[in-house]
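One chain, subunit A, appears in both complexes that follow, with subunit B as partner in the first and subunit C in the second.
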Partner chain A sequence: MNPLLRIEDLHVDIPGAAGVLRALRGVSLTVNEGETFALVGESGCGKSLTAMAALGLLPRAARMRAGRLALDGQDLTRFSQRRWNALRATQVAAIFQEPMTALNPVLTIGRQMTEAYVQHGLGSETEARRRASELLERVGVLPVGRRLAQYPHQMSGGLRQRVMIAMALMCRPRLMIADEPTTALDVTTQVEILRLLQELQRDTGMALLLITHDLGVVAHVAERMAVMYAGEVVETGPVAQVVTQPAHPYTAALLRCLPVQATRDRPLVPIPGVVPALFGPLEGCAFRNRCALAGEDCAGSIPWRERAGQGYRCLRDEVPA
Partner chain B sequence: MNPLLEVRNANLSFPTRRGLFGRGTAVPVLRDVSLRLETGQVLGIVGESGSGKSTLARLVLRLLKADSGAVLIDGQDHRDLSPRAFAAAVQPVFQDPYSSLNPKRTLAQILEMPLVLAGDFVAEERRTRVRAMLDRVGLPQRLLHSYPAQLSGGQRQRVAIARALMVRPRLLICDEPTSALDVSVQAQILQLFDELRRDFGLTCLFISHNLAVIERIADRVGVMYRGQIVEDGEGRTFFAGPQHAYSRLLLSSTLPPIPGRPLPDVARPWDAN
Partner chain C sequence: MSDIALPDPRRAALRRALRHGGLIAGLAVVAAVVLLAVFAPLIAPHDPAAQNLTLRLIPPAWQEGGNPAYLLGTDHLGRDYLSRLIFGARVSLAVGLSVMVLSGLIGATLGFLGGYFGGRIDDLVMYVITVRLSMPGLLVALAVMSLLGGSLVTMITVLSLLFWDRYAVVTRTAVRQLRQADFVTAARVAGASHRWILWHEVRPNVMPQILVVATLEMAMAILSEASLSFLGLGIQPPTPSWGIMIAEARSFLFAKPYLVWMPGLAIFALVLAINLLGDGLRDVSQPEGRR
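Let's turn to the complex of A and B:
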């Protein structure tokens, strides 16, 4: 497996009125060529911010430092705005949760799909039109001729997400970053979009960094995953291992509070308490105030540990599932 | 005995925008919807967006009017109840606790308002009830004079539930009450619903697109598709063997966190034309 996206020790601070928010605190992860890697966690854990850093789209006020941020060997930490633009047009594409806000409401689908392609000199207007038509056909936005002339509001949520995917594919990306791409969709539409993404990956060999809070989606489409909590990766490993034998108490707690069909008699166990505020330095394990296994030793520094392909940041050896 | 809530053959359509001439066409949103909800039960309504779930909730809440059919609360047409009597009987909890709470009022004011409107309580009694309700839904007393903006999403939804319960309504209409919440917070709110059912004998119409949530909370399930209830039945029976093709599709489309399974087939053969 060749690493495509490598993030090592990524820190992002966001200064604000209430102080400096330490939004990302040493995130490391690697997405290999062609694989689906899921980044999982609850609101505010930093999963979207991690993706934004990999896209060069951090908020203006954010201060970033990273041991490494590299795509296919290119050091992104030294990229100028112009090189980021070129990278996003040719190698990395992104789709987001709400296609209605990601699409421009006053431009036709055809215009939006071809604009960047032409601007970055990937081909002529005619070639861009042809590619847009092919891709809409491929993702099932039919009839293509009529759809190209339509505006986003004339389509359903599922269709708009298909348009976003087609648009993301215009420039043949090697990595697609999908931030909660199916969260706003109905369950049946969600399955359709996930199937489409899988097929497109098979066809094009692109890698997918899937950001989601939904462990059911992760289990069905991703090969490897990382679980984030309070700006840190707390566990990473193959999906089949992480969701069946979580090594970090937070992963285990997330699985215990998830309602799953046909398990009505298994009690749901809510996670007590709230996520700590990320202002100022945070000592020890960020999850310890909500963790049933926490002891005094959890207030000290917690090493990153590895076991059977899983990496995790926890002192405990046994985590009840 | 009358069911607490009965919807009888309700039809409702929204007009499309009219042209210069002509009357535009009407889009049917509820088509001959009938349901019964007995005291103490939770009826879960599932279905995809646009199936009419929220329209049904808004109809029961008198926010919309049916073209034909009736909504009965304890045998009485809900349109015949005075606003005060209706508010005392039926209360809503909506999906988004960020938009359903007035940002300019403190928790104390938000929770007191239903009692002020009901009119039967002196100030001292209102305050006592507000404090008791905070405890009941698991909100600390120190938040009494906080504004919604100072609360987390889960805390806000607790406030919305508390507000709905202040007048001890007989029926709660919940439209996707956990859908905007993180799963760890959702579990807290579902647990709260369990406790409230036990303590208050709550009767509840609970709308959700999440079947796993409905399976946990509902005694009965109704499936809506294109404005119709295409299947309804006792919860366990329904989940053990859904009869309607759309119910089966819905059930097979939910993705449990179990690795190694392929994505399900979600074709709709009945829609092929």
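Let's turn to the complex of A and C:
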């Protein structure tokens, strides 16, 4: 398995009126070619920010430093604006949470799909049109001919998300980043979209970086995953392993508050407390104020540990599931 | 997937336009004035500058002593009033359209830059807008025109440099909201440059708003031209302008009121029509249920 996207020791600071927000504090992860990798965590933990950093689209105020940020061996930290544009045009693509606003309301679907393709010199107008038709057919936006002439407001949320997916595939990306692609959709549509993404990933051989807070989604589609908490990766490994034998108390706690797991004898267990404020340096484990296993030693520095393909940042050896 | 026939949005907009009374009325009047101005030499029955002192102050044809050859009568120099009104439309429209386009270019460019890029660029744009807003437009125009002397080109330049503020404010606000839109981020992800996004993604979204401001500015420019010309600082005689015609007819206000109300009515009708057109365009350009 060749690593496609490599992120090592990624820090992002966002200066603001209340002080410097340390939004990402040493994030490391690797997405291999052709795999589905899930990035899991609650709102505000930095999952989307990590993806934006990988796309070179951090907010302007943000300051980034990284030990390594590389796509297929190209060092992205040294990229100029022009090279970023070229990379985004041809190698990476992304779809977002909100299909209602991710399409330009005043342009037809056909125009939005083909314009950028032609602009980047990937093919002629006719080729772009043909590719757009093929992809719409593939993702099930039918009848293609009429859909191409339609405006976004004439379609439902699920259809728009399909259009977004087709649009993202126009440039034959090697890496597709899907930032909570199903959160805004209803449950039946969610399943369809996930299945579609999975099929497309298999057919095209692209890598899929799936960002979600839904562990159910992860278990369905992803091969490997990373769990983020308060701007850090706290655990990473193969999905089957992480979900059945979590090595970090936060992962275990997340699994305990999945509604599927709850029964009459085993009720939902919410995680007590709140996420710490991310202003200024954070000493020790960020999760210790909410952790049942926390002790004095958790306030010191916590090493990154590895066990049977699973990596985690915790001092405890045994974590009750 | 559903196979329900969906209405073509362009056809729906056209249908809304045809049912919009104000839009139709405004469009009709503006179109009529434009035609009169373009074909003025063919339509006007007389030379608008030709004086005939033996035919001074003939009343309109329907009044006692009227002459059918001079449908709207003659002025104090015996010039055919109808012809002067028709040629006056040329000045009004030339100023209105030129100022609308030029000030639109200035204002919209500033608005796009400030709204899209934000930060320092936006601070600079806001500063320029504030400076502009702190100047009383018509007073500055008066001062500059009296220094430079009146001519069509000077007037268009001065008014364009003064009346771009509303474009800038409206465009900036609209673009600011769009900058955060997901489809802009999506375009960035697709590798589009800022310039491309501004032109292809953002501009089509703000055109309706700019169009509405444009009609208001055009009406404003026409009124300003009339005011400046009335004060003798705009278009210089003998070029016929509605403002000049009112100025020249001042002394006959009680004896021959039609010499004042006719050009006045022309200005009023054109400005009203342009405003109706603007309001109509705004209503029609928004899809159903988004008013």
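The working rule: the second predicted complex is superposed on the first by the 317 of 321 C-alpha atoms of A that agree within 3 Å, B and C clash if a C-alpha of one lies under 4 Å from a C-alpha of the other, contacts with A are read in each partner's own complex, and residues count from 1 in each chain.
We take it that contacts are C-beta pairs under 8 Å (C-beta built on N, C-alpha and C of every residue); 3 or more make two chains touch, one makes a residue touch a chain.
All values derive from a computational prediction rather than experimental measurement.
Three-chain overlay on subunit A, with subunit B and subunit C fitting side by side and no clash. In the superposition on chain A, A:A132 makes contact with neither subunit B nor subunit C. Once chain A of one complex is fitted onto chain A of the other, the partner contacts of A:E42 are limited to subunit B, with no touch recorded for subunit C.
Here the vertex is the CA centre of subunit A, and the angle it makes with the centres of subunit B and subunit C is 80 degrees, a multiple of 10. When the shared chain is aligned, subunit B comes close enough to touch A:V274, but subunit C does not. Per the superposed model, the minimal spacing between any CA atom of subunit B and any CA atom of subunit C is 8 Å.
Touching of subunit A by both subunit B and subunit C, each in its own complex, is seen for no residue at all. Listing the residues of subunit A that touch subunit C in their complex gives 55, 57, 60, 81, 85-90, 92-94, 96, 98, 101-107, 115-116, 119-120, 140-143, 146, 149-151, 153-154, 159, 164, 167-168, 170-171.
On subunit B, the positions that touch subunit A within their shared complex are 48-49, 152-153, 182-188, 190-191, 209-213, 215-216, 236, 239, 249-251, 253-264, 266, 268.
By the touch rule above, subunit C contacts subunit A in their complex via residues 1, 3, 6, 8-9, 118-119, 181-183, 185-193, 196, 200-201, 204-205, 287. If you check the complex, the residues on subunit A that touch subunit B are 42-43, 157, 186-192, 194-195, 198, 213-221, 239-240, 243-244, 253-255, 257-262, 264, 268-271, 274.
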